[in-house]
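The next block holds one structure in the form of structure tokens; read it before the comments.
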Amino acid sequence: MPVITLTTDFGLSDHFVGTMKGVIAGIAPKSTVIDICHLVTPHNIAEGAFVLSQAYRYFPKGTIHVAVVDPGVGTQRRPILAQANGQYFIGPDNGIFSFLEKVKVRAIENTRYFLPAQSSTFHGRDIFAPSAAHLAAGQKPKSFGPLINDPVTIDLFPKQLTRKKWTGLVLKVDHFGNLITNLPATLGRVKQLTIADRTLTETAATYQQMSDTTPTLIAGSSGYFEVSVRQGSAQAALGCGAGTPLELTLW
Amino acid sequence: MPVITLTTDFGLSDHFVGTMKGVIAGIAPKSTVIDICHLVTPHNIAEGAFVLSQAYRYFPKGTIHVAVVDPGVGTQRRPILAQANGQYFIGPDNGIFSFLEKVKVRAIENTRYFLPAQSSTFHGRDIFAPSAAHLAAGQKPKSFGPLINDPVTIDLFPKQLTRKKWTGLVLKVDHFGNLITNLPATLGRVKQLTIADRTLTETAATYQQMSDTTPTLIAGSSGYFEVSVRQGSAQAALGCGAGTPLELTLW
Amino acid sequence: MPVITLTTDFGLSDHFVGTMKGVIAGIAPKSTVIDICHLVTPHNIAEGAFVLSQAYRYFPKGTIHVAVVDPGVGTQRRPILAQANGQYFIGPDNGIFSFLEKVKVRAIENTRYFLPAQSSTFHGRDIFAPSAAHLAAGQKPKSFGPLINDPVTIDLFPKQLTRKKWTGLVLKVDHFGNLITNLPATLGRVKQLTIADRTLTETAATYQQMSDTTPTLIAGSSGYFEVSVRQGSAQAALGCGAGTPLELTLW
């Protein structure tokens, strides 16, 4: 039975995530449920997209990824089932799966896969968890609803200004205070990064190579450039966070 | 093998919860353990009861729910095994299962189900986890101890003042800052709610229907009235939290 | 298939831990993964060692414990596989397994057990998780690399000053604000404990025996002396935390 992953902004201080797992245990008791993250900043769809985009490739084929960052819960926004990379993605149609390439998307319309009573505020429990569980239990994707060609997308990518200049932004601050940018580490060799009125020119290949307090650019495990302070917090050192604009200059 | 759930105030920054799962893995290796919540406010039995009351109905029959919010750990308070709703509930006899109806309660007295050495401060590890695991592994409820008819209960319910007026309180502030009350959404159509010297008259069916900053009443996924601010925090807007008294007036 | 546990300082707000579990699910899909703790203070190897030392004995024989508190990630520090207590321990060679007795340690050199591409900042995903999964899937310990006799160790133990006096320190502040010391509760009967310019003389066997606000010594479930305040926080009452030095006087 496949793996089901959960990515939400539900936090860990309520019954929300546990209840979703209870619903899944009732429908697909042999599935394995894995938490990716439940501390996405509330209502921040782009951050949810980033977190899942970092993790999904490391899961086996057939994995069902449920992502619920859903400020539009209770409105007419569609629940969707996306297929890409040999995996499945279930969540609201609000751009949270925008990172997927070569994706096939269905609107989930088959209410037989929902809980009998649906609240207007907790579709994670009432719609997304049971849909994922029914898919894990063997229901066919096409039984969920029709293909659609107009899923909502959001723009997660940097812009190229000149041959040597790009603008981007901080996608996320991680637990260690590293600033993860949306600038792929493959863009080229860095001359400088302008961020929060500071111009950074230090680069390093490992944390140990960094001098003690200077914010330094490193090719992160994310595949993006990250700004780090050795055994410290770049967020604190630079006084900035998610959404901060950046300008990158290459040699 | 049945599902075992865990609800505690142990937090996530220690070895406590993981150790309970290690004990279970040794006794009932094929059981599935699901966390409901470990961030119940320390020693707040009523909040623990609320969290579990929200989740348990969504789990399959036969599920074993372990709840440990236990300020009396190490004293003579009894460990109990309750049966209701086709499920099992294991924890201290301090009212944490007060929400259960038609319940049958046993004192757990069979020390063969405990770890050989019991600390006086961590019965989650030494008594409750191994008891749950032995139950999951097939031991009969009656082998745990005798039925009792005097379990401790706590009062979680609102009071009716007149035909149109109820008093209640905020049960819990959720991760989004929503104030969850103990006033069932089925009481009637709301005229106003008095809370923290404010009188609220706005109601909505979804978050999107709310105006941007006005605290608004909504029938929550909990089945209770909740006070919310659209994409904001009602807790911050009203400056109040769990335990705040309320007065509800119906039309 | 054996249990794999995870102890890290990766936090819960990123994709880090979920991604490690995805890697394991791809290699050893039938293993059971249990979180011990992911909120070890960043880069605090001694705290990570303490957390795992508290939990590991409660897991079944054959369990594979992965611990990643790894400020030296990306440098030449070795990945190791330790064997003790009928269990396995995988992590960086930085002293995080110093609490183990009668231990046999191998350097992990077999890169066939790593992910094909290794970042210089996330060996939890690229080296430690896949190594643990291959071990769970049946690969032999000796296939990971050669035995070594110079693993890094750190000193976690108190010092004896006189027959009746010991010095130690606070190992960790737990979720409830209890100060867990490195002084074994078996040292003897306590006369007094000096901590943060205060001299404590109160002892108790349970939290309920404590007076309401006096910081009190108790033999904790950890096996060490702990300083607690009944239904309060000793950390707040004494204004001190991990690393604070202590002097214990016995009768």
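Each chain gets a letter, A, B and C, in the order it is written, and its residues are counted from 1.
The definition used in the following text is that a contact is a pair of C-beta atoms (placed from the backbone, for glycine too) under 8 Å apart; a residue touches a chain by one contact, two chains touch by 3 or more.
If you're wondering where the values come from, they're calculated on a predicted model, not measured in any experiment.
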| field | Shortest walk length in steps over touching chains, chain A through to chain C | value | 1
| message | Do chain A and chain B, two copies of one chain sequence, contact each other through the same residue numbers, with over half in common, or through different ones? | response | different
| remark: Distance between the CA centroids of chain A and chain B (whole Å) is 30
| Touching two or more other chains, which residues of chain B qualify? | 12
| remark: Contacts from chain C onto chain A in the complex sit at residues 9-19, 21-23, 25-26, 29, 33, 42-43, 71-75, 119-122, 125-126
| Where on chain B does chain A make contact in their complex? | 3, 5, 7, 12, 32, 34-39, 51-52, 54-56, 58-60, 63, 172, 174-176, 205-208, 218-221, 231
